[in-house]
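I've put the structures underneath this note.
Same chain, two partners: subunit A is paired with subunit B first, then with subunit C.
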Partner chain A sequence: MVDHAAGQLYTIEGIAAALIMIVTVWIVLGTTTMYTPGDTHISDMQLEQLGTDVLAMMDTPNSTLENRNNTSNLQQMIKNNYSAFSNPPGDYRKGPELFNTMFLSYANSMTNGRADHIQYSATVYYRNATTPTGSYEFSKTHDISPGDHAVRVTRWVLIDNTITSPTDYPSVIPAPANNNILDRRWQEVLVEVLIWRG
Partner chain B sequence: MARLNDEAQWIVLMGFLISLAFFFLAILLNQSVVVGQTTAEGVLEFPKNDIRDYHNEVVRVSQANIGNFTDPRSKGILADFQNLSMNRKGAVASFNTSPAQPGFFTMKTYKINLHYSNGVSVYNETAYY
Partner chain C sequence: MKNDHAYLSIDFLAGFTIFMIAFIWVATMIPGLFVNVRSTQIDYDAVAYRTGVILTEDPGWQVDGTSDWEVIDDARVPEEVRRIGWAISKENPGVLSAVKMNRSFCSTAFTYPESYQDKIIFGDMPYRFNISVLTNGTYYQSVGDVRPSGAYGYIRRVAKVKQMSDSQVPAYAFMSKGISPKHMFSPEMNITDLLFKEQNLAYQINPRHESTAINVTNISWVYRNQSNLDYFDGGTEKPVGSSNLKVHLLDVNLTRLNPSEPLVAIPPFGHEVYIDGSSTPVIPRLSSPVIVQENVSIVFNSTFFAAEGKTTTASRVFVNFTFGLWNTTNLTYDDGYCINSTYGNNLFRYDYGSPWVREPVLEPAILEVAVW
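On to the complex of A and B.
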């Protein structure tokens, strides 16, 4: 390159081409590695929204004549945890079994008629005089560990755990018994449900 | 190009400029993915469902008329909220409600005040309904 200048334009061309290729590779590598974490966030968000909506549906009171206290299904299920009686009338299953049936039917229904494969594990957290934060396992699908990408959804539930006066309920329905674990008072409990597809 | 024939220089120059334009578009595409991810993370981190559930439950407590602190049944409701939300969600929650005020005809007006903070998101609300 000192004696004769014939190759100078070739050199500049080569440097320009090398820069173009390096910048291209840099952009391509920087782009493709971003996709994976973003995708999992979105599906987790959808599952969380689904579970929250299911709990909101179960905690919405339906106003019928039998439901004179205006309580929701979820409130009745938690209150009747260990009692032999349960609303609706004639259905004397315990609260956790009713929760199982209703939660799975809401969460797993899809628009094409087939069922989804959502599993759950529900826990009730409460506060009473002796334990600042107590909990008991409320209901779950199977005795298996949660799979990948389990999300946690919660719902506050207002429980009237005082003694129910018989006049509040029509005679055809047995009055709900009190929950033996919780204090005998009006209180808020927190229902936590871990859901995953499995 | 590096020979003595100089005829196609404009074409080569245009090719070079177009390759720079492609770089510009590729960088836009690259950054748009990052923007989407940070937005999704921000949405995921914001406790939207917690706050909506909390608001809904405070409204229910005030409608049951046990949330105002002149009622003896209200003892413990606020403590339940504070204790459980601190232990299970790491969030500070507090509220108060006012007794129902007479409104139009048979309707009643309630006032609620609520505060929620999990260290990242803080939410305060005063609502009449």
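On to the complex of A and C.
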């Protein structure tokens, strides 16, 4: 008798194939749990978007006049880093204090009237003739230790640091001085803000 | 010789059956593999993010390829509005149009939830959603279901909303230098100038796309100071004037001057005239004179000037108020001084830099989108 068994499957081979498939699935099942931290990425993305929006809106002039004079809120705050100035009239706080109020107000507001719990730390990076690049701490919340998921947002801001004494300021208010760290010229500075919930 | 070609052996059948059972079992398990990936949550967040971007950074899209979807009337909205975006323009992401926002919350134009799923949310699934916006910390608008207690996709955006421009014209600044029983005051709105002097749409006064208003105020000054026109030369305002004189509003009409065309009247439909702060408008063409104590306001809604046959981008528009000085004792119109554009070159132009015009300002707004 001549057997023609070429090309046939036998029971033991079927079992082996089944086992291989099941083991493969078991291994794949075990590894997919590594996949999940998508959630973290999303909340980081949300925070980053929020921070970018807040800086962009603080740097958007509120009226034609502000737009023509390059005086968005953020531009004024950085320019008047130490001396008191008045915006709105009657408010003599310094730029960093105003930044603190406005940043937290924009970042923490929610449509249902509740407040979020966002903390931040802002730094300004600049370039001067004498110190090619430098940075200084601009403003921060009281809580200065970032949580696990701090994100970093930045914005280039154009500063007119040429004007020394605006004529339209009443004499009773200390005139807004220039930023005393930056050179007396137009320049772009980089505002970097570290944001986290805490 | 035995020929066993074309026969199946029992051995083969058993092996093949075991293989197929295992194969089917594995195949049915595969969808379960992705449970841990939480694909739906990621999808919801992505849809919420996309919706936030469309609303804050995109001006929308209508069937003719432009972004003026907000001017389309209710009946044509389902067919002609393709995408609802709130941005003033692509060049101004984050600066929103109050007109577009208000239009998108209009329940006569958009049915909930189909119109929104079709024109804002997109996607194959009928996602449920909640879109809410809080302008300047006080003005709340929203559309959608109450958010579920479980997981949902979410994004929060910070933006600024462009507010309408208007003008407050005090009567004492435009008093006539001559006497007459009837006076015409004609504020001019030069649409060409308004559109070309400021080309950044975020700060432009654009009567063809946004609401505008002219408020003539302090009208009681007219009859209290008939014999006191040295007021601007250092005189003082009189507290009490002639008690038998009232200011009548006789007519309000609009005329338009296009380049190389004669002056033509603009049909009196679509604008509203309010007297003394009343919330009920008087009809645009007055059938009888109306007594005005303090102010007259004329409000042009955002679609008024752009309507067919009204204005072009090259038009100059004159808003003509006709006032009469009514003597309540004699029951006649008396000669006297009143707010007037003709006597004394008191032409009021609705323009940038005018002390009487409030240019558009941007107010901060918070936008939240939830999708599930």
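General observations
Here is the rule we go by: the second predicted complex is superposed on the first by the 149 of 198 C-alpha atoms of A that agree within 3 Å, B and C clash if a C-alpha of one lies under 4 Å from a C-alpha of the other, contacts with A are read in each partner's own complex, and residues count from 1 in each chain.
Quick note on the criterion: a residue touches a chain if its C-beta (ideal position, glycine included) is under 8 Å from a C-beta of that chain, and two chains touch if they have at least 3 such contacts.
All of these numbers come straight from a predicted model, not from anything done at the bench.
Contacts of A:Asp44 after superposition on the shared chain: subunit B is touched, whereas subunit C is not. Look at A:Tyr10: by the touch rule set out above, it reaches both subunit B and subunit C. Contacts of A:Ser109 after superposition: subunit C is touched, whereas subunit B is not reached. Shared-chain residue A:Pro132: touches subunit B; no touch with subunit C. Judged by the document's definition of touching, subunit A residues 8-10, 13, 24, 35, 38, 42, 45, 49, 56 lie at the interface with subunit B and also at the interface with subunit C. By the touch criterion stated above, subunit B contacts subunit A in their complex at residues 1-2, 16, 19, 23, 26-27, 29-30, 33-34, 36-37, 40-41, 43-44, 49-50, 53-54, 56-57, 60-61, 64, 66, 73-77, 79-81, 83-85, 87-89. Those residues of subunit A that touch subunit C in the complex are listed here as 1-4, 8-15, 17-19, 21-22, 24-25, 28-29, 32-33, 35-36, 38-39, 42, 45-46, 49-50, 53-54, 56-57, 60-65, 67, 106-107, 109-113.
Against subunit A, the residues of subunit C that register as touching in their complex are 1-2, 4-5, 9, 11-12, 14-19, 21-23, 25-26, 29-30, 33-34, 36-38, 41-42, 45, 49, 52, 56, 93-95, 132-134, 137, 140, 142, 154-160, 198, 200, 202-203, 352, 359-364, 366-368.
Residue ranges on subunit A touching subunit B, taken from their complex, read 7-10, 13, 16, 20, 23-24, 27, 30-31, 34-35, 37-38, 41-42, 44-45, 48-49, 52, 56, 125-127, 132-133, 153-158, 183, 185-190, 192.
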